[in-house]
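Two complexes are shown next, each including chain A; its partner changes from chain B in the first to chain C in the second.
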Partner chain A sequence: MVALSLPSVLTGCERWPDALDPKAPEAHDIAWLIWTFTGLLGAIWLAVVIAMLIAIRGGRRVAPPAAGATPLDALALHPAGERSRTVIVGVLGGLTALTVLVLTGLSYATQRSLFAPRQEGLSILVTGKQWWWELQYEDADPSRIVETANEIHVPVNVPVTLKLEASDVIHSLWVPRLMGKEDLIPGRQNVKRVFVTQPGVYRGQCAEFCGQQHAHMGLLIVAEPMADFERWRDRQRAEAASPSSDEQQAGHDAFLKRSCVMCHQIRGTDAGGRSGPDLTHVGSRMTLAAGTLPLTRGSLAAWIVDPHGVKPGVDMPLTKLEPDELNAIAAYLESLK
Partner chain B sequence: MCSGSLKALMAACAMGALLGACQREERDQRPSPVASETREQVALTTNSAGPSPPEIRVSGKGAKYEASAYDQSQGKKYYAWFNCNGCHSNGGGGSGPPLMDDRWIYGGSIENIVQTIREGRPNGMPSFRGKIPDEQIWQIAAYVRSMSGNTSSDSAPQRNDSMHPHPSESRTPPSPPVNGGTVAPSPSR
Partner chain C sequence: MTDVAIRASEKDLRDTDLAAEDLHDRLSRAWGAKSGLIGWLSDVDHKAVGRRYIFTAFVFLALAGSAAALMRLQLARPESQLIGPDLYNQLFTMHGTTMMFLFAVPVMQAFAVYLAPLMVGTRNIAFPRLTLFSYYVYVLGGLMIWVAFLMNIGPDVGWFAYTPLSGPQFSPGKRSDIWAQMITFTEVSSLAVAVSVIVTVFKQRAPGMTLDRIPLLVWAMLVTSFLIMFAMPAVMLASTMLILDRLVGTHFFNYAEGGDTLLWQHLFWFFGHPEVYIIFLPGTGFVSQIVGTFSRRPVFGYLPLVLALVATGFLSFGLWVHHMFATGLPQLGASFFTASSMLIAVPSGLQIFCWIATLWGSRPVLATPMLFVLGFLFIFVLGGMTGVMVASVPIDLQVHDTYFVVAHFHYVLIGGAVFPLLGAVYYWFPKITGRLMSERLGKWNFWTAFIGFNVAFFGMHILGLMGMPRRVYTYQPDLGWGPLNMVSTAGALLLAASFGLFFINALVSMRSGAPAGNNPWGAGTLEWATPSPPPVYNFARYPIVRHREPLWAEGDELPVAHGLMVSQRELLITTLTEARPDLREGTPDGSIWPFIAALAVAVAFICSIFWAIAAVWGSALVGLTLIGWFWPKSVTEDVT
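After this line comes the complex of A and B, so read on.
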């Protein structure tokens, strides 16, 4: 009873990375496969249980041994009974083999369509790093190349090709409502196709253990209509906004003076570090530190002052700042919409 | 019976020894954010105008970094991230002097190297004070020492994350560093 009610309880959970709530054709295929497997195997399991219950309750009537019979007579073969049993076992065996073959075929066919090499539409280079995602929107025109991190914006109803690479260890990209898992492997490029049919924000996660902060390596896929996407892309291409208040100016100066500038890039300023996430438009993102914190001024300050309190082992170091610099840097970064 | 329990005891001891070996070193991932940089009193040379050599007073902090595999591999990563290889290449030198030989213009002890990175040197070496946190300067300096075989191969970095023209520091043969001409003996050693 508990086992039977468990699936309905699980589907009742309205958490957002949900593989059973597909929003893309590929995720539909996978969800359909999950339901087919569950339904078919559940029905078989139920039939077996019922047959077993009948067998136990019904028992077998054994005739009392005839007078003068030896114990060996009980083991004597009865040709008619033997034949019917052989047929039953044979049919059940055949059905089992058929089930396995059909499910294997279904699984194989789905896999084949998932991993078919196709390259079309928008192409995004995704590089997995410990523990964040570097994104580069490719374009034949170099001035239209966009670099950002941890938040993949895609247009709806347009095929998007994700080129997956890694620069340190193996990662895996999984957005349960949109697609199956695909590994990001150092030294090679895997290609994954995403086709989102419904606008929305979808949460993804690294699905291959990649070190201490593997669990905090999330990302968002933001699907929006083409016009919105183009607007977003044009905004991301632009250089960073210049500081508009004294506090932001102080933050800008402190950013360039302190160790921030060694790793982070803010296009339009002298900050050109390439080993940390691009911060040119960090204020426009929804989350900070690869889906770990919501992006607010407070969490920016908390993250800068003690990244190891949030994500122990992360590469971002503790930076010695003057007290008034912290607030200013947080204000400046928040203003980079 | 007796030999059986003896065997079990020996197996338990061996297992204990193996488990003990798992603990290689402590990683200090969260150094104090307010720790100020150490003031090492180093000399660039043993030459002195007077009868006694220059006075050297070091904190001894360097020994911890030179013995730590974690710190050196972090240093190796930062060496590339902060573009040290832009001038010094992978130790062979370019527009900056080579780091894998035995010639040290401003002293070869880890304190000397920390000072060189932190303060900068004439003719091109910039100062990284305030740009690179103190902890990371020490890690980079320990890695620089490992390039010329000056740290134990047990702790030297194990793996090249990117393409290098040489094997990892721990796999280079235990030969003395490449001869770089006149040797200024390291003053602190």
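After this line comes the complex of A and C, so read on.
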């Protein structure tokens, strides 16, 4: 499959998505909490299993069964055994309550720091759609608003506010190495704050079942130093690059002639559809179809020629194209850096 | 004497002075089912209904298990082309829905129907016709959804069916309607059984079985029945609102028209969390009975165990929001539910300690039922620990909706309910069929199940932490989830094989197992006082209970009450707390009306999926069958 080549795309990552390999303070705090709980609770579990094994095989046998004795006689012979059982079970019950209290406290302390109000930085509106992520970088100055999809660029060491909405069904944003989940719910706006401290490319995925292609609703968070981020943002604000070769020009013309324009926008051209992802700078993204394919000219062509082969059930329709047109469109889209 | 007088005295004949054989003949005549197909369909003996209920529930277990095996095959390798997304989504929906609604709850209720009357020492369940009716409604509901699945209109939005994905806009067609209506079927049936069990336990206990002499399993069934009565209406309401949204254009869950998307989740989980305890508490009841019998002593801590059951029941209604931590709720509210979710570890922990204290030093014989109990302790306690983890808001935000949670609840449900259930089948099979199951196959069954289960599900904890979300039909190779998924699939196949052994063992033993005798395990509770299998009337004379383990206290000769009629079905009604004999009460004999009424209900429910107006004429149809059912007949007046 084409997807086999994804690793080359994600060269920024030395390891794979992993809640225990945190790269942001939030994920770090949670990882610490997970380890603490696992250690403590694992020890308790082990103690219970050992106690169980001793109970059935070890220790003194309570009563050798006398001939004709009923189980009740045996019990009546050992009132001391019952008393010590009462004490031990009582103490263990108390310890259970204490453990639970301590763990609740730890959990609450972590929760407080996770949701502590932070200074507002960058604000991004993330809209979940079946099955991709629409992104809008908000700004008081309308000319600085940026629209893109599936790849969230953020500056490191700057608090970022993600405003989460959904336009169809419920989705959930999850990037294990950066943060826990937050649902995107139609008719509501949830807010998730993310603060990345290490530059890198982090993979995320929709975590709430959202229909047929829930499995292929990935996204990337690209964290980079402020200067790089600003450069990226300025490029994204610009209109689409003009075709620089005959093939790209042919692709441009075919794109505008065909039904592509009904759904996709390429700013700077007449393509103004709004129901599919904005393609103005599609060539600058690392993946295609919400993290499903690495973005290459080949995968662009494969996707356009048969979206349902790659992602069965997706909204994008089959478009009848001549082979020349297909190659030209792929070349044009790839050039939209 | 005149003929009339003889007939009158025959009719009023009591069991007081009858010889054992004569009594058996007369009671068998009064309590026996009619012959023929109609007689079979009309049989209201709780044991017949219970057997059929148990059998049917295991058929659904096999179906849902096969769906799981197919999913595991699909997930064994990345980008597998074995099963497409559409079928996969139907499979996981059918797996969850069937396991929860058509297997786990019904099988526990089925055991209650079979065992509760025997264990409290009465001759039939309260409202036997209602119980029979509930069985037919359950079967028809299950048939509907599986036939729909075979016709490729099986539901595909998960057993939780979140709106708006399950709503009219995003699930056109009939798939979600079939799901919602199946809920209505199964809830009607479980409410009916819950009522019957509660009344049986409250009013039909053998004389002398005071509240503190009720066997722990019966306590568990009682608490479970109350949970069902309070939890199930929430989901029935929700599924009805969903189907109204879909069929007649109401907007309960449509935010654009003033409805609320999250309302569904609140209603669903207000049912959905108690549901877990509805499944788990009967499991603890099985464990208590088996542990007591095999450690040859009364279970330690009867009172704390009963209080733990009741406390768990109450607490289970205050946890539902921990399924919704990621929905953006206010943080203070969320942390309340962290505390309440963790709190439930206290009664659960107490139960575990009491069982271990019972086993301590007893050197129990490790027969198959006992092995399953030990497997339960090993697996369930681990599931309980991860349960404490997911109760924490921050941890849950990472592991929610991932394979970590899949691992967690399979440890809780398979460990906490299925292992005790299998132990219970091995334990009560001799009572139900008169024959013991094979111990040799039983040991193989246990070890393959235990190893297969852990291999299949332990790695899922790690997969979840590695970022694998639930309900994905495939994943990309470079994510590194392949090896653990392959291991998990291998374990799942071993687990499936263990169920194959179980079914073979049950079928073979039913024909050729060793004869069991009344009390093969030397247990202390009343059901073992009857022959195996028990006669239709259960007890020739009502036992009088003077101890929590009557058979241990009194030996084989239980004191009995007499004075009941033998020419017709009569029960002894006792008082609620002290179980003092109160009245003699007639109980209905077999009737075909429950079957006809259930058919009418099925017609009404199924047709209303396609034509909303069917809810109207369907109700009239059901009303007609109920008129037939309750048509006044001349009966002997109840005697006080």
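We adopt the following convention: the second predicted complex is superposed on the first by the 279 of 337 C-alpha atoms of A that agree within 3 Å, B and C clash if a C-alpha of one lies under 4 Å from a C-alpha of the other, contacts with A are read in each partner's own complex, and residues count from 1 in each chain.
Criterion: a contact is a pair of C-beta atoms (placed from the backbone, for glycine too) under 8 Å apart; a residue touches a chain by one contact, two chains touch by 3 or more.
Since the structure is predicted, the reported quantities are computational estimates derived from the model, not experimental observations.
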item: First, second, both or neither for A:Thr319, with chain B first and chain C second; value: first
item: Partner chain in contact with A:Lys337 - chain B first, chain C second, else both or neither; value: neither
item: Chain C versus chain B, contacts on chain A by residue; value: C
item: Which superposed partner A:Arg235 touches (first chain B, second chain C, both, neither); value: neither
item: Partner chain(s) touched by A:Arg258 [first = chain B, second = chain C, both, neither]; value: first
item: First, second, both or neither for A:Ala19, with chain B first and chain C second; value: second
item: Touched partner set for A:Arg144, first chain B, second chain C, both or neither; value: neither
item: Touching partner for A:Arg83 - first (chain B), second (chain C), both, neither; value: neither
item: Partner chain(s) touched by A:His28 [first = chain B, second = chain C, both, neither]; value: neither
item: Footprint overlap on chain A, comparing chain B with chain C; value: 168, 312-313
item: Residue numbers on chain A that touch chain B, as the complex places them; value: 167-168, 257-259, 261-263, 273, 275, 305-306, 308-309, 312-313, 315, 317-320
item: Parts of chain A lying in touch with chain C, wherever the complex brings them together; value: 1, 3-4, 6-7, 10, 16-20, 27, 29-30, 33-34, 37-38, 41-42, 44-45, 48-49, 51-52, 54-57, 59-62, 65, 70-72, 74-75, 81-82, 85-86, 88-89, 92-93, 96-97, 99-100, 103-104, 106-108, 110-112, 114-115, 130, 164, 168-170, 172, 174, 176, 179-183, 185-188, 190-191, 203, 205-215, 312-313
item: Residues of chain B that touch chain A when the two form their complex; value: 29-31, 33-34, 77, 81-82, 130-133, 135-136, 161
item: Residues on chain C engaged by chain A in the complex (per definition of touch); value: 79, 84-86, 89, 156-158, 162, 164-165, 169-170, 255-256, 260-262, 296-298, 300-301, 304, 326-328, 331, 334-335, 338-339, 342-343, 345-346, 349-350, 352-354, 356-357, 359-364, 366, 374, 377-378, 381-382, 385-386, 388-389, 391-402, 465-467, 469-480, 522, 524, 547, 549, 552-553, 555
